[in-house]
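Which chain is which? They are A, B, C and D, in the order written, and residues in each are numbered from 1.
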Amino acid sequence: MSVQIKTVDLTPKRQTFAHVARRLGGDKPATRYQEATLDLQATENFHYKPLWEPQFWQYDTRKTAVVMADWYKPLDPRQYYYGSYNIARANMQSAGERNFTFVEERGLLATISDAERARVTSLLLPVRHLHWGSNMNMAEICQRGYGTAVTAPCIFSAGDQLGMAQIVSRIGLALDGQTGACLAAAKQGWMSNPAWQGVRQMIEDTLVQRDWFELFTAQVLGVNEVVLKLVYGALEQAFPESGLALAMLTGFMADWAADETRWSDAVLKTVAAESEANKALISGWAERWIARAVTAAEPLSAALLGDHGAAARAAGDAARGHGRKLGLAL
Amino acid sequence: MTAKKLSLKQRYEFLTRDLDWEPSYQSADDIYPYDKFEGIKIKDWSGWEDPFRLTMDSYWKFQAEKERKLYAVIDAFAQNNGQTGVSDGRYINVLKVFLTGISPEEYQAHRGFAFTGRHLRGAGTRVACQMQSLDELRHVQTQIHTISHYNKYFDGMSEFPIQHDRVFYLSVPKSFFDDARTAGPFEFMVAVGFAFEYVLTNLLFVPFMSGAAYNGDMSTVTFGFSAQSDESRHMTLGIEVIKFLLEQHPDNLPIVQRWVDKWFWRGFRLLGIVAAMMDYMLPKKVMSWKEAWDIYFVEAGGALFQDLARYGLKMPKYADIATEAGEHISHQNWGLFYQLCHVAGFHAWMPDAEHLDWLSAKYPNTFDKYYRPRFEMWAKQEKEGKRFFFNGLPQLCSCCQLPMLYTEPGDPTKTCFRSSVFKGTRYHFCSDGCKDIFDGEPEKYVQSWLPVNQIFQGNCGGATVPEVLDWYKINVGVDNGDYVGSPDEALWNAWTAQRFSEAS
Amino acid sequence: MSVVAITPDYEDYIEYRDEQSLYHGAMLVYVHWEEHISFVSAFGVPLPPGTPFGAICEIAMGIYGDHPDAARIDWSQAEWMIDDERATPDFGKSIVENGIGHKSLIRFWTPGLHGYQGTAN
Amino acid sequence: MMTQLASITLMRNDDARPIIDAIMADNPDVCVLNMPGAVKLDCDGRLRVNRASVEERMGRAWSPQEIQLVLVSMAGNLEEDDDQFTLSWHK
């Protein structure tokens, strides 16, 4: 009997979903990022007005003053979807784990002087609360924002901020042999040490901010670009005995900042470029929140570096320069 | 200093709740403006028991590992053209219902848990909610990635987001989640965290996904079970919420009981779609809907409510009615699919003789008496070339938004009609359960975007069925109608024939 | 009972989405053939208020015509219920004159016809 | 009163096998329901997974949190610490 070799016809009928193809300008293969992001949020025919905010639908473009013809324009250059995000973070974290093991095995934090321990406790550890407030802000933008392109990376960012708060907390536990005494002291400092009050007031003020894109601007250009940059940039200078170990343990934060900025820059740049009105609004918010962040961080900068706030002002200048590169009028 | 190892619980305490502080520059009520109006009284948020106690480092680690495994299966499935190896071409229709009806709700849950993950006042609760928000995003995205491969070969999946916003039967799941999303944060937690995740989701993800495995769909069972590993965390959160609310203040009990009653019923109606998927759409069957209901609601739900009785919480109202309806609901819903598939984005078909016998065996009290004759009549009509479709537009329930097709408790030959008049306008309901929900919050349900009524009001692309289908982005003659004669069937048959000729 | 919302004026923010005024001069009427529940549900149809009641029978035949019982319907023997009340409609008079309002439910029984093989299907 | 089943459903794969074996060894009254791709284990009132038993069968250190990698479903109140993962109903 003769065997007829035949290929089963497996030519696809289409390369991707129709809504994705419309955005790609034709039926062509789409990335996992595109298929898992584009047009994912519902846009019309909602059933009920929220009992908790009947002025708006649960997804409503009017929850910010900036206007976009299409909220799927500000895309994520990292092309994160859940899987690629988690795998990226697990890799970053496992590098961090090795650093914790290295520092713990060599007792690099256990052997520092009491004075240095007190300084790290009062000037570094409270930043975990700033991460926690930042976590709340990113969760808020995720729930309140419009369009999956912007909102999905926000819940990733919220996870990142929580993760960083936990890394700082682990440093606190490593400082005192896991008793929690340093963390308790650090929290007292967060609540009452004058060096932190400006920062705490600023983050509490962001927590009541209802325009989600203003909140995004405040978090990204104010909190991230000024305060977090200041703190993590000052470690080696501010903590002579432990600075190097602390820089190792917070390596995640440096990796994260580079990663986060690529995305947050793209969002700010795209939304500001949409119209003169958007540009004016965002520039105003950026000006205001960078200024707030500088004033808030000056006493912290002085306490960390003994510089009368110079590093905070420099961080503010850098943040303004950064904003200008994104097309903002600053 | 000697480092001691902290217990999971202590470590978690330091790494989550301890991050929170009492604000002084802004008032807590301004920071959390939404968690008081529902009337829930919380004396002490620290009474919250954290389920699972995951920190972000373990979360990333575990979830990354799950994702690596899942995407390896998805890739292998696509490379091996696993779609040609499922039990039958009909099977693909469950994926169409899943992608259009369920995946968008995972997305809604994602945004809803971001809301509670920001706006509930307890720090431990917020962290648990945020992780669930992340998980729910995972579920919608992995479902899209799994089904993406099927979309390349089969019809009916290509326009899922817009269909979710427009197509008539998809307003059933959409209105369910819109209802939960627009409720206050505590009600959302009870609706999704408890009634949906704990009481009902098992029915969707365990026997149904096991069915996917049995039907050769290895990629779907992998996302399904992988999602379930998150669901177990979510169920724990759901039950924790209920216990917490009931422990905090006795005044919470009547509010929680009302939510449990409401969301049980809404969930039961929604999951009736899964009943039809299990009993009719899986070519090879693992268990019947009734058997699944007995295991996952009567037995597991029963144990749970027995446990919660110590707080005074009772079984959901109408649980007995739902259990009785377990004998009927899959047949009734398949009848709906069968006669309205010409206006739907998936295919339906007449069960064959072997399938009818399986149904008789699984439903000895009801199938031969009430439903077999219906299929016999339709089969006869098909044979005469008069395949039966419902020519009208159905009356919809103003609560669950399903067509008013369900029967009176105790009499499966009589359609159940209930109605209420609110501010001079009459509203219709398929059941006492749905009527009670409307009567409890009429100002909410008068807003329902009822798809049929919207067609009549002229808001759906036009007055004729072809215009409406065009607006639905249903490709007529391709996406809709009978499986027999569809392009899906032709493709499946071509593959089968090629395989057969290779084998001979 | 009424809804519990964050603001007492919740109602000011909502739309009533099923009022008669939204139907462009028509009113929505539901019709249901009892003991024939193989048809998924009652059907809805928007009708001008002046429509004679008899037109409902013709519309119903368009929906139900393929059922084996349909050809044997004797409309003069049909029994009617309008919004939960037994009714004896006047086929020549308008639906409004027969007591039908927006979203009224009209149910009818056809004596002797109890569905396919008497199973209410 | 009807029985209250504490229950756990695990994927049926190589990673889960030592856990399934440990449960079956440590919970003598366990009742097993096999399904395609999954296995459901039921006990009246209480079901316990012991870290030590799993480690014995796995041949490596194992944390009860890792159960999440193969978990499909469960019923009962969860109590988890470093040494065990227990599901139970209040009696």
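Brief remarks follow.
By definition in this document, contacts are C-beta pairs under 8 Å (C-beta built on N, C-alpha and C of every residue); 3 or more make two chains touch, one makes a residue touch a chain.
Note that this is a predicted model, so its numbers are computed, not measured.
Apart from chain B, the touch network of the chains falls into the groups A, C | D. When chain pairs are compared by contacting C-beta pairs, A-B ranks highest. Averaging Cα coordinates per chain and for the whole protein, the chain whose average falls nearest the overall one is B. Rounded to whole angstrom, the centroid-to-centroid distance between chain C and chain D, based on C-alpha atoms, equals 55 Å. In this assembly, the C-alpha centroid of chain A lies 38 Å from the C-alpha centroid of chain D. A separation of 33 Å divides the Cα centre of chain A from that of chain B. Centre to centre, using the average C-alpha position, chain B and chain D are separated by 26 Å. In chain C, the residues that reach two or more other chains under the touch definition are 3-6, 10, 14. With touch defined as above, residues shared between interfaces to two or more other chains in chain A number as follows: 48-49, 51-53. Contacts with at least two other chains are made by residues 33-34, 37, 65, 184, 444, 447-449, 454 of chain B. Because contacts link the chains in a way that matches no line, ring, star or complete pattern, their graph is best described as other. Interfaces, counted as pairs of touching chains, are A-B, A-C, B-C, B-D.
Those residues of chain B that touch chain C in the complex are listed here as 33-34, 37-39, 184, 335-336, 339-340, 369-370, 373-374, 376-378, 381, 386, 388, 390-395, 398, 403-405, 407, 413-415, 417, 419, 423, 425-428, 439-444, 446-450, 452-454, 456-458. Of all the residues in chain D, the ones that touch chain B in their complex are 1-7, 9, 11, 35-38, 40, 65-66, 68-78, 80-82, 89-90. Partner chain B is touched in their complex by these residues of chain A: 4, 6, 8-10, 12-19, 32, 35-36, 39-53, 58-59, 81-83, 86-87, 89-91, 93-94, 96-97, 104, 110, 128-129, 131-132, 135-136, 139-140, 142-143, 148, 151-152, 154-156, 158-159, 162-163, 165-166, 169-170, 172-174, 176-178, 180, 183, 187, 190-191, 200-201, 204-205, 207-208. By the touch criterion given at the top, residues 3-7, 10, 13-14 of chain C touch chain A in their complex. By the touch criterion given at the top, residues 1-6, 10-11, 14-20, 22-24, 26, 28, 30, 32, 34-35, 37-46, 62-63, 66, 68, 83-84, 101-105, 107, 115-117, 119-121 of chain C touch chain B in their complex.
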